[in-house]
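Below is one structure. I have some questions about it.
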Amino acid sequence: MSTSIRIKVIVPVTFPGWDDDVKRVCRSAADSATRIEVMHLARGPASIESMFDEEWAALPILQAVAGAEQDYDAAIIYCFGNPALEAAKEAVSIPVVGLGEAAQVAAMPLGDRLGVLATLSSTTTRHWRKARALGTAAKLVSVRALDIPVLDLVDRGRVRERAQAVVQQMVMEDGIDVLILGCGSMVDLGPELELTFDLPVVVPALAAVKLAELYVRAGLTQSKRAYPLPGKKERTDTDGLG
Amino acid sequence: MSTSIRIKVIVPVTFPGWDDDVKRVCRSAADSATRIEVMHLARGPASIESMFDEEWAALPILQAVAGAEQDYDAAIIYCFGNPALEAAKEAVSIPVVGLGEAAQVAAMPLGDRLGVLATLSSTTTRHWRKARALGTAAKLVSVRALDIPVLDLVDRGRVRERAQAVVQQMVMEDGIDVLILGCGSMVDLGPELELTFDLPVVVPALAAVKLAELYVRAGLTQSKRAYPLPGKKERTDTDGLG
Amino acid sequence: MSTSIRIKVIVPVTFPGWDDDVKRVCRSAADSATRIEVMHLARGPASIESMFDEEWAALPILQAVAGAEQDYDAAIIYCFGNPALEAAKEAVSIPVVGLGEAAQVAAMPLGDRLGVLATLSSTTTRHWRKARALGTAAKLVSVRALDIPVLDLVDRGRVRERAQAVVQQMVMEDGIDVLILGCGSMVDLGPELELTFDLPVVVPALAAVKLAELYVRAGLTQSKRAYPLPGKKERTDTDGLG
Amino acid sequence: MSTSIRIKVIVPVTFPGWDDDVKRVCRSAADSATRIEVMHLARGPASIESMFDEEWAALPILQAVAGAEQDYDAAIIYCFGNPALEAAKEAVSIPVVGLGEAAQVAAMPLGDRLGVLATLSSTTTRHWRKARALGTAAKLVSVRALDIPVLDLVDRGRVRERAQAVVQQMVMEDGIDVLILGCGSMVDLGPELELTFDLPVVVPALAAVKLAELYVRAGLTQSKRAYPLPGKKERTDTDGLG
Amino acid sequence: MSTSIRIKVIVPVTFPGWDDDVKRVCRSAADSATRIEVMHLARGPASIESMFDEEWAALPILQAVAGAEQDYDAAIIYCFGNPALEAAKEAVSIPVVGLGEAAQVAAMPLGDRLGVLATLSSTTTRHWRKARALGTAAKLVSVRALDIPVLDLVDRGRVRERAQAVVQQMVMEDGIDVLILGCGSMVDLGPELELTFDLPVVVPALAAVKLAELYVRAGLTQSKRAYPLPGKKERTDTDGLG
Amino acid sequence: MSTSIRIKVIVPVTFPGWDDDVKRVCRSAADSATRIEVMHLARGPASIESMFDEEWAALPILQAVAGAEQDYDAAIIYCFGNPALEAAKEAVSIPVVGLGEAAQVAAMPLGDRLGVLATLSSTTTRHWRKARALGTAAKLVSVRALDIPVLDLVDRGRVRERAQAVVQQMVMEDGIDVLILGCGSMVDLGPELELTFDLPVVVPALAAVKLAELYVRAGLTQSKRAYPLPGKKERTDTDGLG
């Protein structure tokens, strides 16, 4: 009955191997009337584990978001770090949702002491900084890392074992009551951790899809007072993206 | 394709006149596979405009939520004040979502300076207190009131005119970039205010429905570490609800 | 010389066994001109260990507070969770003081890193949430639990032993410098813990009595701007309390 | 019946003219069993309107507090700025209470948006800074000044008129719901402001007396973990106070 | 006597017209042993007024910073928005300082209520967000805009007049006590505003130079725990920067 | 080329033994055009380890600062506790910088989770309180103590060993990424700790010197709106300092 919603999911890396998993996990939360299209970048970083990687992904993301504006109702930047998210919100009039922001705000009603399971220790302060900017820091009490590089997350056995150990610390020492998976690639860890530790485990992709659907259905988009349309001006890139 | 989701929407007042509007507005955001059932209370307050009213609604709400647990996948407490929400989250294993919390967390990604349009001045400090508890206070910069009692919100012309004046102040003096309608009855104010002030206007009902769908689709519910199941004990009420 | 002050202390549970102890401990801080009257509830929960319990106690508390307005100068809700406190402050013109709020504000000048010793682990996030609403969270650094149900707090030996172990952690790991007893039933733990850990131990009852006396002597009561008198409206309860 | 409490009230200025008023206002909140002794300084500043003045008062205050330790149960530093308060809490084992801290913590349960009426504009940022250190800043929303020097506060007519104008702004523009008189000399402004603006007006002296009584009755004093006894060491002053 | 310090100042826009002014203003704060080199970008945006512009400047900034690592002791990103600053701090081992962060931290000891004078209203929420991430938000009380595009800041008369009006509001309505010039192009506004409003006016360039000198002299650089060196991985850009 | 800057460094204790080290460490960060003059107090405490000590140092510090105003461009109060700093900022028109404030603001751009290495456990809550007043608390995550009295800091071997153990805890348990030496006497600990723990170690003296130079070069001084000049009034001290 309801008209269909078209969501463009941008996996902001050049590695193509995530696309199918991403489509599957996004699909699992989507309304039947929602069409999910997943893409990865033609240029940019192979994976995102730092602000440096985020900057390498930025222009390609902006290009992808701009490309989505015509034919899609919303775009999702599929990375917990929310790379280029603020710029993307400025650039287009369709709602743009980041994995990390969606996961954190969706987790807030579920508990009072949120924890983020990060991939690498080197990313934890970046997540703290971003939470302060997002305004979610008031409920964030723990960010701990698997210390497994993103591209090795495919070794499910090792990930699973390590996750058990780290989340144990987050529960016992930091007192978390909700766990947020801090990377778009940790999609299958949820059920096992929920069982062991008796706490909700938020998979960011699902939160992002549902938030995107909400904004489309409600006719909402990011505030142009907070994210004003960038004025026209000369901006040059070597391959003429500007 | 996706299995259906059944959501019980509890309008926590004895006034039956809101039910149809509530169903319509909730329906407008819902997945086609979602079934929305709206009910109001058999006993309790006629409207909710204070913590006192909230307490009068509490046990009937808890009874309604408990009644929903068997046959529904999620429950929504349809009041911006989130009456009895924490107790309801403790009481059942299905996700329970409050209008106020859903609206505020869904508004966070849309901007940086949120404003709540309240019904009465006498409710504004209550909203500030609740935002601190919810953890959304970091982005809340303005709570101002129409100063029209809930039951008079049916006078649409008066509401509309007054809303224009108050939101004008919220934009000019408080610098809000997102407006949240601070009462479940202000459902039709959005489009006009969006147009006049060029900012997103969050209708809490839509946020609550989509958040509830997310939790059901993702197999999530409020953390039992944060909202533990109340132990069995003697609790007496005059009509044997206990 | 000074005129007498009449304080109604409402123990918000149906268990009558606390009344004498409560009177004794309240008396110990009271001005000689203060009259303390202790009551428990005729209906409601046997004990309060959750928001669910708090809601069961709410209407009987409001009834008790309203009943006190005529003949008493102040009312104390004798539970660290401050059940129905905000509604009670709205309902009457005499000052109403909650055990938890009194203890926390009275503790603030004594140190910089406050800790609350709770009864059950299941209550700790509730205390964190409430501290944020009360505005005392800035100094709160630790909430840990005895993990002994309220009604078993009568086993003084077990309580004492467990308290030593938990407070040890609060001092060594969380660095507290003031301890607040997080339940109205832990009245006799103070001296021993003070001795062992060399820190002040705040017994909430004493703080509540003295704060109530202050408000009466100073002609103060809760702000009607923050806690407005609930308007008259239809509110129904099965036994006609409304 | 209860044993008597002896409180030393130190007016930390050399001007002797406040003593009687101070005694009267302190007396008005005191338990009948409480003995109030008021003193002013033999050396120090004539009034306190800056951090500079506070430093001039510091050693004489510490001398007075040390002198009180033997014969008194508690000491009050009678200045809203709390001069030398932290050092005094370190120096002695009896509880020491500052006017400003007592007023602010006692005001917290009365409302949600506190305002401090200061004497001079030049003191307002000093009050903001101190509120952050005290941990009360979460509820403080307004500090505005009469802009009348302390020693001119005796011109009651001028003070009254100016107070009406300033508090009007605090209520209308800043939305305060509790007013705190930000100087120990504004003792008689309360009733009139309460009447005009319908909000509680906290007189710091009363809060300080009652808090001091609480600490004495409860056997409490400032935490020696937060305010450790200063070790013995060479400290020289020209007149051999060291 | 002291060895020389070489600082690379990167003006992150393609407009070459600022370079001389930037050199002059940086020089005015520099140690005589400090060598200042100013450069602008060969590609990127003509000016920076949004997150979108910041992303267009990011890779060229990172390239410039990397290029500076060999021959310079420190780098300054000459834009109040601190574009690509976090990534730059990760990328190199020499200290990298942003104009906005330097200005804000250097302003903190000067007062208690900081205000940022922005160029455009559309940039104000961006500055609020960044202040939260920087950790300087506790003292920030006002961000107001000239509403003059960066490239029109050369019209000194118009800028001057408008600045007087806006800062007047920041002082009277927001109570600022320190003014921070929120753009690297507002270099000459200081003296006049200081005179009119009797408050310190922080010119970001000077703060950045002195902070850079401090880090070099003290052998300090950004923490590699907070800003870890990006691992080697495939990162592609169309012109082979990767 | 640049005109010389004269900085008066006030070591606020009567112990003369630090002066040479202080001069050396200050010199190491100073511009070649900067003249550093170090002095200690003729009267006051032998060392500063408490608020009590700070008050004993206050008037001599104010006298020294006033004495510096004529012939110096800036003054530094050489103690991490910043004794009498606010009063000193009020008293004079030249910029006055405290070691503790300079170290903390200079550390903020270097990382996200700052830790202060204090001398004694008894000083840690004092540092937390001060950080809240300074506005740096948002990034402060750890304050731990060597538990070695200031005057024993000359035993370098013992200090070194103990520092390694304490900083190990700060890194592993509290997750600090920047270390601040919390006493002006710990000048030589930096290199070793930096090496062991791979994090920047901020020596407060260097930050203070560079901040003072910045203020002088930029023509800045503390805001007279935040730190107003104390009015003339009678202030008496036994030796006629007033």
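Going by the order they are written in, the chains are A, B, C, D, E and F; count residues from 1 in each one.
Definition applied: contacts are C-beta pairs under 8 Å (C-beta built on N, C-alpha and C of every residue); 3 or more make two chains touch, one makes a residue touch a chain.
Given the structure is predicted, the values throughout are model-derived calculations rather than measurements.
A.B. asks: Moving only between chains that touch, what is the shortest number of steps from chain B to chain F?
C.D. replies: 2
A.B. asks: What rotation angle superposes the Cα atoms of chain C onto chain D, in degrees to the nearest 5?
C.D. replies: 180
A.B. asks: Measuring centre to centre with C-alpha atoms, which chain is farthest from chain D?
C.D. replies: In terms of C-alpha centroids, the chain at the greatest distance from chain D is A.
A.B. asks: Report, in whole Å, the distance between the mean C-alpha point of chain A and the mean C-alpha point of chain B.
C.D. replies: Comparing mean C-alpha positions, chain B is 26 Å from chain A.
A.B. asks: With chain centres defined as C-alpha means, what is the inter-centre distance between chain A and chain D in Å?
C.D. replies: Going by mean C-alpha positions, chain A sits 51 Å from chain D.
A.B. asks: Just curious, how far off is chain F from chain C if you go by their C-alpha centres, in Å?
C.D. replies: 43
A.B. asks: Considering chain E alone, which of its residues make contact with at least two other chains?
C.D. replies: In chain E, 111-113, 125, 129, 132, 135, 138, 177, 225-227 touch at least two other chains.
A.B. asks: If two chains touch, include that pair; go through all of them.
C.D. replies: Between chains, contact exists in these pairs: A-B, A-C, A-E, A-F, B-C, B-D, B-E, C-D, C-F, D-E, D-F, E-F.
A.B. asks: Could you please specify the touching residues of chain D with respect to chain E in the complex?
C.D. replies: Chain D reaches chain E through residues 124-125, 128-129, 132.
A.B. asks: So in the complex, which bits of chain C are touching chain D?
C.D. replies: Chain C reaches chain D through residues 1-2, 28-33, 95, 97-98, 101-102, 105-106, 108-113, 134-139, 177-178, 190-191, 194, 198-203, 206-207, 210-211, 213-215, 217-227.
A.B. asks: State the interface residues of chain A toward chain C in the complex, per the touch definition above.
C.D. replies: 111-113, 138, 175, 177
A.B. asks: Mind listing the chain E positions that touch chain A in their complex?
C.D. replies: Residues 14, 43-47, 49-56, 58-59, 62, 84, 86-87, 89-91, 122, 125-126, 129-130, 132-133, 135, 149, 225-228, 230-231, 233-239, 242 of chain E touch chain A in their complex.
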